[in-house]
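Right after this note come the structures.
Both of the next two complexes hold subunit A, though its partner changes from subunit B to subunit C.
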Partner chain A sequence: MNLTLHVWRQKGPEAKGELETYQAKNVSEDQSFLEMLDDVNEDLIKAGKDPIAFDHDCREGICGMCSQVINGKPHGGQERTTVCQLHMRSFNDGDEIFIEPWRAKAFPIHKDLIVDRNALEVIMQAGGFTSCHTGGVADGNALLIPKPVADYAMDAAECIGCGACVASCPNSSAMLFTSAKVAQLAVLPQGKGEAKARVKNMTETMLSEGFGNCTNHYECQEACPKGINVKFIATLNREYIKSFC
Partner chain B sequence: MILDGKAPTGPIEKSWDKHRFDMKLVNPSNKRKFKILVVGTGLAGGAGAASLGELGYNVEAFCYQDSARRAHSIAAQGGINAAKNYPNDGDSIYRLFYDTIKGGDFRAREADVWRLAQVSNNIIDQCVAQGVPFARDYAGYLDNRSFGGAQVSRTFYARGQTGQQLLLGAYSALSRQVKAGTVKLHQRTEMVDLVVVDGVAKGITVRNLITGKIESHWGDAVILATGGYVNVFYLSTNAMGCSVTAAWKAAQKGAYFANPCYTQIHPTCIPQHGDKQSKLTLMSESLRNDGRCWVPKKAADCENLAGDITEDDRDYYLERKYPSFGNLAPRDIASRAAKEQCDDERGVGPGKRGVYLDFADSINRLGEETIRGRYGNLFEMYEKITDENAYQQPMRIYPAPHYSMGGLWVDYNCMSNIPGLFVLGEANFSVHGANRLGASALMQGLADGYFVIPYTIAGYLAGITPGTVKDDHAEFKRSVEEVEGQTNKLLNINGKKTVSELHRELGKVMWEDVGMARSDASLNNAIKRIPEIREEFWNNVNVTGEAGELNQQLENAGRLADFLEFAEVFAKDALHREESCGGHFRTEHQTDDGEAMRDDENFAYAAAWEFKGAGNEPELHKEPLKFENVKLAVRSYK
Partner chain C sequence: MHLITSSVGRKLLMAVTGMMLVGFITVHLLGNLSIFAGSEAINIYAEKLHSLGPIVWIFRLIMLGLFAVHIALGIQLTMENSSASPEAYAIKARLKTTFAAESMIYTGLILLAFLLYHLLHFTVQVVHTDAVATLQPLVNGRLNVFAMVGNSFNSAFVSIAYVVAMCALFLHLSHGLQSFIQTLGLNNGPSQDKVSAIGKLVAIFFGLAYIAIPLAFLFHIVKI
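Moving on to the complex of A and B:
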């Protein structure tokens, strides 16, 4: 199939960006979206032009590096799918595709489709851990964690930290990201001890890093490639209130 | 030269305890005076940096990704081994040790493997304390499953994302240390040179991938935890950014590269779909707990739908060839068996390079819901890539490059032959011998990071004075100039071929001639072809853009330049090893029924290569392997 791409090009953080148009020719439906972009880049290089810069690494949907808004939807809008797992069979010959970077105040653009997501790191450093030291911990079976609790923690822990929740949110909130870690650790006996300090520190850091608050649009859940549920935001809110008690 | 691995002597059960006691310590108030550089933030590097920071050392950690959480350990699916014996099925430290030595086809150092098995139990406890949500039963106890090469259930898991959860555990510990100020993190920063002063590792030179700036960092010790090199095959299950570069920069500065020919071709990956593919995707080995591998008995049936082929016309080749391990035969053996069926013209799918992994029996026995609970995310991933529903028809799988057992040579302390240079995890060669068993990579990464390096690095640091060489030393300036020189050279070739075109050419040679089956002729062909591709690269590559900017083509070009030097040593190692063992299969050395034939008399050693410059013969150093606790035997899974 042949496609027309409109891609956001921006030299650097201060430069003015714009959409440029490219043709993607002879695209195979078995190719991934990024493989299609690889081919476009090969053509650009051969034409002596600067290839499109985009983040990617594992290309199997788990590292959280890839980050593109495709036709207005983070990761392209398919259920539980990262850009790297999006395949060209979901497009049709002659389609026009708009490709933009994550857009949020807290995610300044480095170049083209590559953004700076360090603000998410700062949130994690504010409390996304249990304060256990290496060695000198109890046996893994010393504290029993019934399956439903372990499953709940795992549902939250599946977050890959890509930032699609932020990109999809009208408030550029990182609530889904923050709540996933808060909820995972709040429900486990190993994390309960620090739950109050954690939820306070992480939530306040989220706001001070330039992310907005949650006003229940649930776009984040829709965009999340790992299907993280908004119920964790409710857990965060409960934990946050509890932290003042 | 004969290398000494410095393994402790005496009873192996006491070796690590005794060694820990014998090593010198660094006084708590002196630790902050030592600066340690950790390159790579996967399981080994992330765990190591966090643990060393926690001890009070002054740590700087580097990763090329935009977050430490994205290192490729994240992609490991199936699980992590430990000798807990929770299921009461006969496991022990000794059995895990024995299985790992045997699984590695008797080509690893005994004492290192013992230590790995010993600390395996601490790892599980550590991860649980961090909040890693391992699978549990309804009462709340940790659950286990089985992996290849073992007859006990010792694998702990978190759905199909065990690597992700373990890495996020290490990353959380690391984040805690960053906040505490003991670890400084440099993201989007790639190591492009090792700085060696008077024969001792004293720092690294890095490229800031955002600004393009080349800068140096000094350290009293350098730890490389930079993963494996199977992207030398171009198509592999590794992430796109995985490379040999950090390890190869060390090799260029004199670090020995051990057993590069030991690479793991993983049996269960999604088959290649076409020429434009950029990477291959693994389907976890855990699937072989419930999936059965088969191909049609008759070549004429290969074009038919799987469901139309009767039970009598199917060849469950692993169960036929290896009745006692069946579908859970180790990876090297399962991969070769798949290739054998396809070479026999009985492969399935496009190009007939695939075999079936069939869950129908398990679904009939346990129900689709149970199978979905165990492997749901893998079936989902399979469907996204192939557009096929594996609950209704068997998966198609084929082997793909996955892991490198070889790596920089290290002694028992994980220190290379360059004093002050430590190497952890997949980047070293130490514990997996010629083949790694499933669920052992996560175990090694975390063992090295949490429980080995915090002890062994003290033994080194206690003998040196901190901060004697800093980045004002002339070697640092020279290193930066060298790197800038290479960058300018790459940007000024302005040739006709792209980096990825040349990488594909190299990968094709490596896969066809140095892949699953190697022969004298194929290896000699590779040794002829690799320098030709290297020559073409340096004369005809087109690297666009500038040095002082975010430039992904330049990153890839630098990595390929190193692969092109490394590949030749890889092929020469494979040519020199006139035996078959583990992942290294020489067609000249096989039994009548096609099994690997080791030559213990002549090859029971680790081959550590000293690089002498591109185009020159590398020099071979040998570390003889002594087996005092296991009996060398023909590795049988029949």
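Moving on to the complex of A and C:
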């Protein structure tokens, strides 16, 4: 199939960017979206032009590096799918495709489609950990955790930190990301000790890093390639209230 | 301190003040619906209310405080949120959010404008003074609030203004009610869509019930 791409090109953080149009020819429906871009880039390189810069690493949907807003939807909008796992069979011959970077004040653009997501790391440093002596490997059943609690924590831990929640949010809020970390640790015995400080510090850092405030649009849940539920945001809110008790 | 500076703390204050305002509009609606119970009912209700004296003023001060907190935080949060997302996408799909959610600040500001107009109209009584004049003469020794309301709403302009404002109330509540549940952390996942649906139904109820009052007079379903 042949496609028309409108891709955000921006030389550097301070440069002014704009959408440029490219033709992707003879695209196979078995290619992933990133492989399609690889081919476009090869043509650009052959023509002596600067290839499109985009983030990627594992290309199997687990690292959270790939980050593109495709036709207005982070990761292209296919349920529980990262860009690297999006295949060209979801497109049709002759389609026009708009490709833009995550847009948020907290995610400054490095180049083209690559944004700096360090702000999420700063939120993690504010409390996304437990301070316990790890010592040797613990005895398997020494610390009993009921199955529903373990499942709940695992659901929250599915977050790969890609930032699609921020990209989709009209307020550029990082609440879904932050809440997944807060909720995961709040329900586990290892995390309970620091729960009060954690929720305060992490939400405070969210604000100081330039993310907006959640106003319950729930765009994040739909955009999340890991299906993180907004019930974790409710849990964060509950944890926040509990931190005053 | 944390409560009034942090992101989640301020959202909680928005939610709690918003819900107290919902408490107010519920009581207010019950009072207003008494126009459907004959011309005397609302006059008696108004007389009772005014006889409370200083309690009315304490109540008014509390309302002023609630509105002040809700409005100030609403404007502040909205400004922070728009500065957090300075660059718009060339194309942005709407995945789950609603028109009501996106227009909270606008429906809020319409409600604020309406509130001022409404107070000038029925409380301070300095606009539409010809209708206010119908408060006199007294009926059975009471102010004729019923006629004042009725004569005001016989004007299509006044009725339409009230209907528009109540549409804004409907939109504000259709997002606000479920938002309150989420902000207070009372959502467990599966409850999400149900809470949203119930919130919308309650919002429709409030909207229709309030709109019924001006329309009832405008179309002479209730006669003065």
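Here is the rule we go by: the second predicted complex is superposed on the first by the 239 of 245 C-alpha atoms of A that agree within 3 Å, B and C clash if a C-alpha of one lies under 4 Å from a C-alpha of the other, contacts with A are read in each partner's own complex, and residues count from 1 in each chain.
Heads up, the rule we're going with is that a contact is a pair of C-beta atoms (placed from the backbone, for glycine too) under 8 Å apart; a residue touches a chain by one contact, two chains touch by 3 or more.
Values in this document were obtained by computation on a predicted structure and should not be read as measured data.
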Subunit B versus subunit C as contact partner of A:Ile145, first or second or both or neither: first
Partner chain(s) touched by A:Ser32 [first = subunit B, second = subunit C, both, neither]: first
Broader residue contact with subunit A after superposition on the shared chain, subunit B or subunit C: B
Contacts of A:Gly193 with subunit B and subunit C, given as first, second, both or neither: neither
Contacts of A:Ser131 with subunit B and subunit C, given as first, second, both or neither: first
Subunit B versus subunit C as contact partner of A:Gln221, first or second or both or neither: second
First, second, both or neither for A:Gly212, with subunit B first and subunit C second: second
Subunit B versus subunit C as contact partner of A:Ala153, first or second or both or neither: first
Touched partner set for A:Gln184, first subunit B, second subunit C, both or neither: first
Residues of subunit A at both interfaces, subunit B in one complex, subunit C in the other: none
Interfacial residue positions of subunit A with respect to subunit C in the complex: 6, 8, 19, 69, 71-73, 77, 98, 100, 103-106, 168-173, 199-200, 203-204, 206-207, 210-219, 221-223, 229-231, 233-241, 244
Residue ranges of subunit A touching subunit B (in the complex, touch as defined): 12, 28, 30-32, 34-35, 38-39, 42, 45-46, 48-51, 53, 55-65, 80-81, 85, 87, 89, 110-111, 114, 116-118, 120-121, 124-126, 128-135, 137-141, 143-151, 153-154, 157-158, 160-161, 184-185, 188, 190-191
Residues of subunit B that touch subunit A when the two form their complex: 47, 50-51, 54, 65-67, 69-70, 72, 74-75, 84, 86, 122, 124-142, 158-159, 161, 164-165, 168, 171-173, 175-176, 178-179, 185, 187, 210, 237, 239-241, 273-274, 276-279, 281-282, 380-381, 384-385, 387, 450-451, 454, 498, 500-501, 542, 544-545, 549-550, 552-553
Residues of subunit C that touch subunit A when the two form their complex: 2-3, 6-12, 77, 80-97, 101-102, 104, 175, 178-179, 182-189, 192
